[in-house]
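Pasting the structures here.
You will see chain A twice below: alongside chain B first, and alongside chain C after that.
After this line comes the complex of A and B, so read on.
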């Protein structure tokens, strides 16, 4: 299968002015990330808060400019293009955000919010297409004429899905689309996303910190830690045989109702230590299996075949 | 009752309705505006109609605010002055709002170098004493009503542009704005359709206060002889001609002074009511 999206060596550093006397303190968000997303698959991007996963999504969509590296969409380089040059490609890429309350303009009716992409691209029959979409996502017909404050979180997220999909995109970034919803609604939204993916032949980049959600919807998983990819592989394999100690930690941190072999999985304390100075594995200070080499030389992402990649000296 | 009650706009109106001072301010403004519009229909005398035999008459049933040194009816002159003062107030504020919104929006939305340049310009404008600037400009442009409007408009936009910039800085990172960008919306579409309508609440408050301030500035300029020129009347110029007769004819200064005072008061009361109603931190 062809790669729909290809991300090569992207890096992004933000400047924070929090330092003493307003001195600039660089914050590394993404550091040398490579991703290949195949047509029709859904790739899960997991990691803890602040590990740079949202930034990766935003860079792919051109909402942030990478400091280095390139993004290709259908084998066409799209990073570094101006918004005019990007216009023709933009139509095929969409995003669904985490917070459905912040992602709808409170002063715009749902109909024109969903139809925005159609209006911008000058599509005729906007109203008909939008109303069809409203039906597909399972909301009542009069949604078209209403305002965002009249809807609940789950309904708003459906509206955001409709807005993302009405323009017939090929690729959708789902940036924690269910994290702010309660569990029963989460399942509905996930199922809706799954159905729509089949129906409309979509490709997802599914960003989440919740492994249960990702397991449910993704074919492949990429684990990020502190701006770097540390492990990648097919969903089932990642779950059953995690290779990187951090992935293991993440999986054991998922609360589970079922106890395996009568005992709960051993849980490591998830403390956040991010004191990383240059060289060495970013996970060094939290790693239970660290060896001397880890503190001095950064492990490279090794390709183990069968979609499997891992960055750890122990493997 | 219905859902409309919970809409942001409905809430604001509910709060204003319960604020008696703000309502008082609003009704005073309404009455004054009506009087200014109806002007000539409310009095039998023209504002420039002189009657030498009726000079400096104290208020009585025929001239309810007395007459001035040329025998002109003070009430008629105040009505025609109300037109000048209120329209100067409105138009000056429209000018300053446009400048403030454009500069604030550009600085907040584009950021970076554009932001630095525009905000340093604002700093420079703010560090020049306003009265001094107004005096220089009005000497340079010459005194006339139009110039007064332009001058007051040109010197009163800085606070508003800072407000707008701050709103834009926070709103441009909202997810609905990012979503619009992903939909391919142009900068103009994002600014005017997605950000500006949500940034207007502080603008309203600033505009209401601004009208009061502009009326005050116009009165001051006309008082100094740099605004409306005789024989046209404005509240400030009536005050100025009245100051020479203050011992013999108090009505020539007290009534226009009172008109200015009441108008400014009304705008400030309405402005404060609106500010409280729009402030999300003041939720009961």
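After this line comes the complex of A and C, so read on.
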């Protein structure tokens, strides 16, 4: 299969002020990330808050400029292009945000909000296309004339999905699209995203911290920790045989309804200490299986074949 | 029963709005025994948080407790004067809120914030107070308690702040801890640490916990018994294994089936059609009937009554007949 998106060695560092008059100190958000997203797959990008998963998504879409590295879309280099040159490519890339309350303008009617993408790209008869899209995402037809406040959270997220998909994109970044929704509504949106992917031949980068959601929607999973990819593999295998101790910790931490013989498992969670500075594995201080080498040499992401990659000296 | 710590009976909470009153909680019964972790599960707007606030007598205006009784240790706390309630609140009953970011005061050190409770409820001062604070910080699993003691909230991580909140709740040695979505804003690994902590403290301190959550996974991890709430009413109650293995109410059943979990992946997740009702336009009859796959004619007209399946397990649904009319 062809790669739709290819990310090579991207890095991004933000500057943060330590106090109001303090020194500027660099915060490494993404540090040498490589990703290949194949046409038609949905790749899950998981990790805890602050691990850089959203930054990766933004860099791919060109919303954030990487300090180093390149992004290719359909074998064409898109990182570093000017916004004019980006215009024609951006049509094929879209994003769905986490909070459907913050990402819809309260003063713009739904019809215009969804149709804006089409107008920007010079489509004349937007109304017909928008109304078709509203039908596809399962909302009543009069949605077109209404305002965001008239809708519930789940309905708004449907509207955001319609807005992302109306321009016929090939690639969609879903940034925690269901984490602000109620449980009964969450399932509806997950199903909708799965159906639309099949019908419209979409490719997803699905960013989430919820491993239960990711398991139900993604074909392949990439685990990030402190700006680095530490494990990658097909969904089934990642959950049944995690290789990296951090992946193992993440999976064991998920509150699950599968009965564990009625007893709470004792976890090997070591309380969080910030990542090591400079050389060494970023997970060193929290790792129950660390060896001496881990503290001094950063493990590289080894390719084990069968889509499986892991960065750990123990493997 | 002798070991009942908290008993809520026929509690209704209304919000008096200019356009009319809104019933957020409608005649529920609930009880928490000593050393028990009771979970209230429900989606937004089901009335779980207001129920908790009612126990603390902290319902924000224009909300009122329109009827019902809340017994704590056999005493109706809705009848006692406010100054007596103040002694109870934070001392015997404590509450931990969802957002550790919003519920700590950013301009006071951790020591001052916990210290306030120590002074008020235990009456310790000076060195004894400091000792007590350090002790409780250690109890909630903070290893460098001296640093945290002198810290401001912004210097701590989310998990640390939630630990401080729990420490603040526990310092007065309460018999009931109300935790309102204590882990929702936290990362999974931190969440599991906090859940471990709650389970451990419950044993150590003989604590009863009333846990409010929307996450059935969390319930499975630390709950003993479960109340399922929907639009201000209790739909089903029972102990954990009864609810998880043998759900009777269609809403409970739907919730359990629709949650994505770590088990085998289904092509489609089960969904409960429709949306949570607006409290201003509650459906007649059973509140769940517009979304219920088994809805019958009677469901649209009458409110279902309790059907008992065991001493603890009950559901309010017309699919099972019998029982007298009360909720909870």
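Things worth noting here:
Following the convention adopted for this analysis, the second predicted complex is superposed on the first by the 301 of 315 C-alpha atoms of A that agree within 3 Å, B and C clash if a C-alpha of one lies under 4 Å from a C-alpha of the other, contacts with A are read in each partner's own complex, and residues count from 1 in each chain.
We take it that a residue touches a chain if its C-beta (ideal position, glycine included) is under 8 Å from a C-beta of that chain, and two chains touch if they have at least 3 such contacts.
Note that the structure is a prediction, hence the values are computed from the model and not measured.
In the three-chain model built by superposing on chain A, chain B and chain C fit together without any clash.
Legend: residue contacts after superposition of the two complexes on their common chain; A:108 is shown touching chain B, with no touch to chain C. Shared-chain residue A:239: touches chain C; no touch with chain B.
Put simply, the three-chain overlay gives an angle of 80° at chain A, taking C-alpha centres for chain B and chain C and rounding to the nearest 10. In the superposition on chain A, contact of A:188 is made with chain C only, not with chain B.
Once the two complexes are laid over each other on the shared chain, residue contacts for A:288 go to neither chain B nor chain C.
Within the superposed three-chain model, A:305 lies out of touch with both chain B and chain C [touch as defined at top].
If you count the residues of chain A touched by chain B and by chain C, you find the higher number for C.
Look at A:154: by the touch rule set out above, it reaches chain C but stays clear of chain B.
By the touch criterion defined above, A:122 reaches neither chain B nor chain C.
Once the two complexes are laid over each other on the shared chain, residue contacts for A:87 go to chain B alone; chain C is not touched.
In the superposed model, A:215 makes contact with chain C only, not with chain B.
Superposing the two structures on chain A brings chain B to within 7 Å of chain C, judged by their nearest Cα atoms.
Once the two complexes are overlaid on chain A, none of the chain A residues touched by chain B in the first is touched by chain C in the second.
Listed in rising order, the residues of chain B touching chain A in the complex are 3, 6-8, 174-176, 178-187, 189, 193-194, 197-198. Those residues of chain C whose C-beta lies close enough to touch chain A in the complex are 43-44, 141, 143, 157, 159, 187-193, 195-196, 199, 214-218, 220-222, 241, 244, 254-256, 258-263, 265-272, 275-276. For chain A in complex with chain C, the touching residues are 48-49, 152, 154-155, 182-188, 190-191, 194, 209-213, 215-216, 235, 239, 249-259, 262, 264, 267, 269, 271-272. Note for the complex: chain A touches chain B at residues 58, 61, 63, 83, 87, 90-91, 93-95, 97-99, 102-108, 113, 116-117, 120-121, 147, 149-150, 160, 163, 167.
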